[in-house]
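Chains here go by letter, A, B, C, D and E, matching the order in which they are written, and residues are numbered from 1 within each.
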Amino acid sequence: MHDLSCTGVTKTFGPFTAVSDVSLDVPSGSFFSILGPSGCGKTTLMRMIAGFETPTAGDIRIKGESVVAVPPNKRNVKMVFQHLALFPMMNVGENIAYGLRCRGDNRADIKRAVTRILERIGLPGSEEKRIDQLSGGQKQRIAIARCMVLEPDVLLLDEPLGALDLKLREHMKIELKLLQHQFETTFLYITHDQSEALVMSDQVAVMNAGRFEQIGPPKELYQAPVSGFVAGFVGDSNCLPGRIVEVRGSEAEVALDGGGAVVGHLSDASANGDEVEVFMRPEALQIGAVDGVPGLDGTVDSLLFNGANSRVLVKLATGQLIEVADPSQVDTAGEGSSVRISWFPDRARIFARRYG
Amino acid sequence: MHDLSCTGVTKTFGPFTAVSDVSLDVPSGSFFSILGPSGCGKTTLMRMIAGFETPTAGDIRIKGESVVAVPPNKRNVKMVFQHLALFPMMNVGENIAYGLRCRGDNRADIKRAVTRILERIGLPGSEEKRIDQLSGGQKQRIAIARCMVLEPDVLLLDEPLGALDLKLREHMKIELKLLQHQFETTFLYITHDQSEALVMSDQVAVMNAGRFEQIGPPKELYQAPVSGFVAGFVGDSNCLPGRIVEVRGSEAEVALDGGGAVVGHLSDASANGDEVEVFMRPEALQIGAVDGVPGLDGTVDSLLFNGANSRVLVKLATGQLIEVADPSQVDTAGEGSSVRISWFPDRARIFARRYG
Amino acid sequence: ETLRLLTWGGYAPEELIKKFEAENPDIDVEVTLSNNEEMIAKLRATGGTGFDLAQPSHDRVYAAQVEYNIYKPLDLSKINVDKMTPKLVEGVKANTTIDGEVYSVPHQWGTSGIMVNKTLAPDATGWADLCDEKYKGRTSMRLRRTILLGTAFGMGMNPFDLYGDKAAYQDMLDKVTEKLIACKSIVKTYWTGGDDLSALMLSGEVALSETWDSTAFKIYAENPDIVFVPPETGALAWIDTFTIPRGGQADDAAYKWINFVLEPENVKIMSASTGAIAAVPNGIELLPEDKRAAVEAAFDEKDIENLKFFANIPPGLEDMEGIALERIQAASSQ
Amino acid sequence: MPRGAGRLSLFLLFTPFLLWIVLLIVLPQIGIGYVSLREKVGINQYEFGLKNYLDFVGEPIYRNTLLRTAWMSILVTACALVIGFPVAYYIAKVAGERSRATLFLMCLIPLWVSDLVRAYGWIVLLRETGVVSSVLLRLGIIGEPVEMLYNDVTVVIGLVYTVILFMIVPLVSTLQGMDNALLEAGYNLGGSRLTVFRRIIVPYAMPGIVAGCIITFMLTAGSYLTPILLGGKNSSWFTEQIYNQFITRYNWEAGATFGVVLLVFTSLVVWVGLWVTGQSLATTVAKD
Amino acid sequence: MPSSPTLRWVYRAYVVIFFLYLIAPLLAAGAFAFNDSLFPSLPWRGFTLDWFFSPTEPKLGLLHDTRLLRGMGNSLYIGLIVAALAVAAGTTNAFLFERRQFPFKSALYILMIVPLVIPGVILGISILVFASMIANFADRQMGLFITWLRPGIPLIVFGQVAFLTTITSLVIAARLKKFDIALEEAALNLGASRLRVLTTVTLPFLFPAMFSAFIVAFLVSFENFNTTLMLVGSDAPLTIVMYDRMVKAGSTPVLNAVSVVLMLGSGLLALASVLIQRPRRAG
């Protein structure tokens, strides 16, 4: 049985369809992420699960029971809001106790539960602190504790790291994952940051314009995207527009817009003459000709040093800049020198061109 | 001659020293960054250069002339503010013309200059647009154009990408660098994001608690940090606290707090018995024993897939988590299995322990 | 030059002002409406400045002048005193002479009494009827000193006789207060101005009310069922006068206005507007037709004989009356 | 900024503030305090003393009027809060973006005309021969005309009318600042409507509630026309006493005394209110 | 939280009833301006515009009623001066409290808010008493008539400015608080002088707030009764003229006509202030 499952969930606002025919099944105890650009409908989907919006069509089941007719305060899914929504007029202890009080637990039990959960999230004894005395990361943990103390079937998290600063976000990514392990609760996590989704999740659904484009484990999305959108959105990619001139089995030759031709792996049903995009990850490229593999000529535009993430920017004859991974940046060709970029055809993926 | 140089600049606010004895020289036409954590005094330093604060001690020279006594509106350094500070009550053209008008240029010249600069930044014909009609990246460029049209000796940029969203920030990093090339003006760039500093700069000064810890080109900071702070702040690092038990030339053996011993490269004047920290970059570590090199044993805690940036988290006997780079994540040992982490001693750097 | 008048509603009709301004092109007339108490309050606040001509009633000049020094002596040589009713001039002079200087001359006079809607209260005759149980919720009065005095007369006392004796006066006030508090449940509301009263009477909401005769005369023209009834104990007669504030800056214009309104054709216009009788020998004849009818319907010889002129209030009594009025106002009617 | 220029501009900014606050507020208040301490011993003869205050204390009508004014003002404040809160909530949280601005504007309607016209409007409506009575009569709901003026209920209705705006505006602005996510979090954690209202909305809106109550209370206690015109024979309002002293009794000493008493008394009520709710003047009334 | 349709319907009905309550007395006062009767009450005697336009007694229309017109003129004059002074003082106060540090700032800030909670009557009498004390002193000791310290337009202006300045200060300070000081620094950095920064950046940003503060101050001044009543001299503003007319003379539906004009005027001004706040939503 799945902790949470949606079937054909759709939500329209007037003429606009925010979520369109979405189905998902989240196995018990897993970390499931929904990844998509801003405005693609992630929050709307989550609000339907929490009960703040009613689906236009489709069914939502929690532990197998349909909850479409259950009011939000009766559903056993708890939510961590994007800006956390901690109650500013209550202290930490009261925030955490709120749900327990609503449930009608007795005072002694509440006090015990609050103490215990504060210990578990590593903030023992902070009951009396005011919310505005907490750091960003502490607030984060309180928001999670406030939900977890109620032992929900599913915990929903709507871009909870969005408001944190860079270093803290990196840190909290790992911490969230550990918390989930510790509580063994099902997490449904929303984000538009692909690295968050990849690092933390067991399963990721990539969402675009109200629909799911692909659901799968992070590695699968990264290595075997099913659409141009997924290939471009998950991980860094160079994207070269062109048109298929010849299909050879699972490979095809693409004549690039603006000149040059490349060979790559056909990833969707594109056929001869179709307009396509070729996606190549920077780490799939290398500088220098390699026998028997395709390549493109260009000049080194600049070297972008960034430790293990260093890149060489190569400018093609068409003027397009291509990022090539160059982790070591030792004996790289200097700026302005002519180079050839090579890759193995199976690491260049060809998808039908996206419009709009 | 240097476009900008500071000697012994200090700024105190009451008992608190925000900037302490900072000296820097920025060569003409270069891209110079100041990198440091929040609150380390970056903005204060920049505000002194722009003239909004008066240094408590020290001298600031622009093109060789001391400007300490020159009011802010008479200095030929222009500044791009963190939140850009475009004038909302003026349109794009008026924003750009503002400085020219203050200078008293005549209308026709102003009009021409505005048109030209808008072309150069790739937004020709946007004179009449309102500020709130621009996208984040466009605003960014207008803010730069507003300064560049005045042909400043130095352009100051205070975390100009801070307000942008993730994908756009990646993009603007490269674009900023290109703009600097195009204008050939000296840029002084402030950031707390090490990847920005590394990717764009010719020289980076790493700042901590009001002082410069190290000035050098990005590669040097990354590969040869002079202090534990720099080693930890620039790029990702694992940091293991311990105590030196034996010094052997440029190497030393460190007994880790909590058990285990490692050998690394002595990077500052630490001596026998000193408390130290050992810094190791994830990409300097590998999983599996390697003959003749030191190592540590642990168990795989989790696999963090993130494409080319994937990591393995290894838990040491001490409980500490170590990040090991694992770009491919093929045939990696599964969670829970015992592994050994190895590294070449010269890629483990030993620094005196930081306190506080 | 501006002539700033501080006067009663109706005492500066637009028609007369226009005419006056036409005759004296250099003078501009500005009017502020007021009543006795406010005139004194205002002039006290301004230290006698801000106005050029005021019109308090004859009994309210002396104490105010002694206490606040707000008026200047009149130059009687500049006023056509001989056009005024000699008896009224003498009466006013007697009331308002301080240290040999005269401070006011009479302008209009009239009475306070009761106004009755004959269809609703055919047999009301005096002050006491205002508090008669059978008119419960149908009577009205103005909560000012007139009703205190009227009620005292209605109760068979003569307050003017008690002016010299504060204790006796207080005693009288206490009785009157008690009576009027008891009366509160009878009274529909206390009217505050001529307009208020007119609406109450004309709408039929109120059957009888304490009133100025002049207001009653105006209403008579609208509804002849509503008449002024001089109380059997005697209507209270007042004379509104002219005084010049101490800081007045247009004395000449003020004298011109005083003389101007004494002209018979102007008296006619004035009386038509005030409803009251001018202090000139043939005052009643100069009333407009309908008002004269009203006066004649209201007064006979005996009533005129019976008039009770307000006597000068000695300083201090007003405070006592003020507290009495406040007590009545604050008492609960339920 | 150079020091001298900073000083100069500080001085320039301070001057209007000081002129205003000292000449128009502080000194005049001290002035009435001074006048209230002058006791009249004869014509144009005054001595210093507390007689005016003793008179106030000794005369039950003054005390009672003050208490009645305070009590009615509290009642009006409470009514305004109870009536206004749902409206403010509707404007801030329920109405759509566009209708919100319109509704807010409509709340300002009573401000378009003066107190006088408002009271006048009520009189036209409520008097015995007024619109309401006539309409009810015509509809056969009542048998004969009823007088709806001159009682406390009418005074309260009229006062609530004049002040409710000042309750709604601060409420709307605090409620607008409340993130809807707080409410949703409240429900999500299992709260019922009542719980969310009691434990989240009300505490959040507290600064607005207190600000609204203070302004409403002060305006009511200091109002004049409405209680006088609608209360008629049964009015008796403390400001009326003050006006009476100044305007019909030209007794400035007593009037000033009453003024001081009113100011002190109402300030006390406000202070107690702030203390009970744990707010401060600067955090409530001054909040934008 | 999704709510039942019935509940929503009841709530909406409540709000509608509330707004009916708000509008009712105004409609009533307005409607009788068109009643062809000498008294502003029922019964309805037919529609007329005489109370606006008739040049002759007894139905002297508003346009020919010189006293009302003069009162209106006085109100206008007082309102403009008061609003200008209050906005000027409010602006300097906003800068003082938002931008500067000085000793006793928070105490002075409370002092700045206090006039808001002083009843209007008390402001009126206190200014009257204080001004009279000075004027009486000058009169008695030096024989000087300082007329502007006596009830009249100057005192009305002082009285109204006394409490309006608090309101304008709060309105303008609220806007100034939202002003990003970096804008000023940016302008300085681009070479502008301080004065130029003020006139080209800061004041334009504040303008909408200053404008609506002006409108609010003007409207409140125009309608003020409690404070003005104590301070009025011979140049009475409209509310006092109307009050005097109601209480001391005979009011006719011409007062209703005035009300109609006031409603229209204030309505338009209110609308203007909303519109000017809207299009350039800078912030």
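By our rule, contacts are C-beta pairs under 8 Å (C-beta built on N, C-alpha and C of every residue); 3 or more make two chains touch, one makes a residue touch a chain.
The chain lineup, named per UniProt: A, B = ABC transporter ATP-binding protein; D, E = ABC transporter permease.
The shown structure was predicted, so the numbers you read here are calculated from the model rather than taken from an experiment.
Trainee: Can you give the shortest number of steps from subunit C to subunit E, where adjacent chains in the path must touch?
Mentor: Step count on the best path from subunit C to subunit E: 1.
Trainee: By how many degrees does subunit A turn when fitted onto subunit B using C-alpha atoms, rounded in steps of 5?
Mentor: Rotating subunit A by 180 degrees superposes it on subunit B.
Trainee: What's the chain with its C-alpha centre farthest out from subunit B?
Mentor: So the farthest one, by centre of C-alpha atoms, is C.
Trainee: Could you tell me between which two chains the number of C-beta pairs in contact is largest?
Mentor: D-E
Trainee: Can you work out the whole-Å distance between the CA centroids of subunit B and subunit E?
Mentor: Averaging C-alpha atoms per chain gives centres 55 Å apart.
Trainee: So how far apart, in whole Å, are subunit A and subunit B when each is placed at the average of its C-alpha atoms?
Mentor: 26
Trainee: Determine the centre-to-centre distance between subunit D and subunit E, using the mean Cα coordinates as centres, and give it in whole Å.
Mentor: 17
Trainee: Starting from the mean Cα coordinates of subunit C and subunit D, work out the distance between those two points in Å.
Mentor: Going by mean C-alpha positions, subunit C sits 37 Å from subunit D.
Trainee: Would you mind listing the residues of subunit A that make contact with two or more other chains?
Mentor: Counting only residues that touch two or more other chains, subunit A contributes 51-52, 71-73.
Trainee: Touching two or more other chains, which residues of subunit D qualify?
Mentor: Residues 127, 129, 184, 187, 246-247, 252 of subunit D each touch two or more of the other chains.
Trainee: Among the residues of subunit C, which ones contact at least 2 other chains?
Mentor: Touching at least two other chains: 45, 203.
Trainee: Which subunit C residues qualify as touching subunit E in the complex?
Mentor: 4, 6, 8-10, 14-15, 30-35, 42, 45-47, 49-51, 192-196, 198-199, 202-203, 218, 222, 247
Trainee: Which of the residues in subunit D end up touching subunit A in this complex?
Mentor: 179, 181-182, 184-192, 195, 199-200, 203-204, 206
Trainee: Given the complex with subunit B, which residues does subunit E contribute to the contact?
Mentor: Within the complex, subunit E touches subunit B at residues 180, 182-183, 185-194, 196, 200-201, 204-205, 280-283.
Trainee: Please give the residue numbers of subunit D that touch subunit E in the complex, ascending.
Mentor: For subunit D paired with subunit E, touching residues are 10, 12-14, 16-17, 20-21, 23-29, 31-32, 34-35, 83, 86-87, 90, 94, 101, 103, 105-118, 120-122, 124-125, 127, 129-131, 134, 161, 183-184, 187, 193, 214-215, 218-219, 221-225, 239, 242-243, 246-247, 252, 255-256, 259, 262-263, 266-267, 270, 281-282, 285-286, 288.
Trainee: Spell out the part of subunit B that touches subunit A in their complex, as residue ranges.
Mentor: 37-38, 165-166, 174, 177, 192-193, 195, 198-200, 218-219, 222, 234-236, 281-283, 302, 304-309, 313, 321, 325, 327, 329
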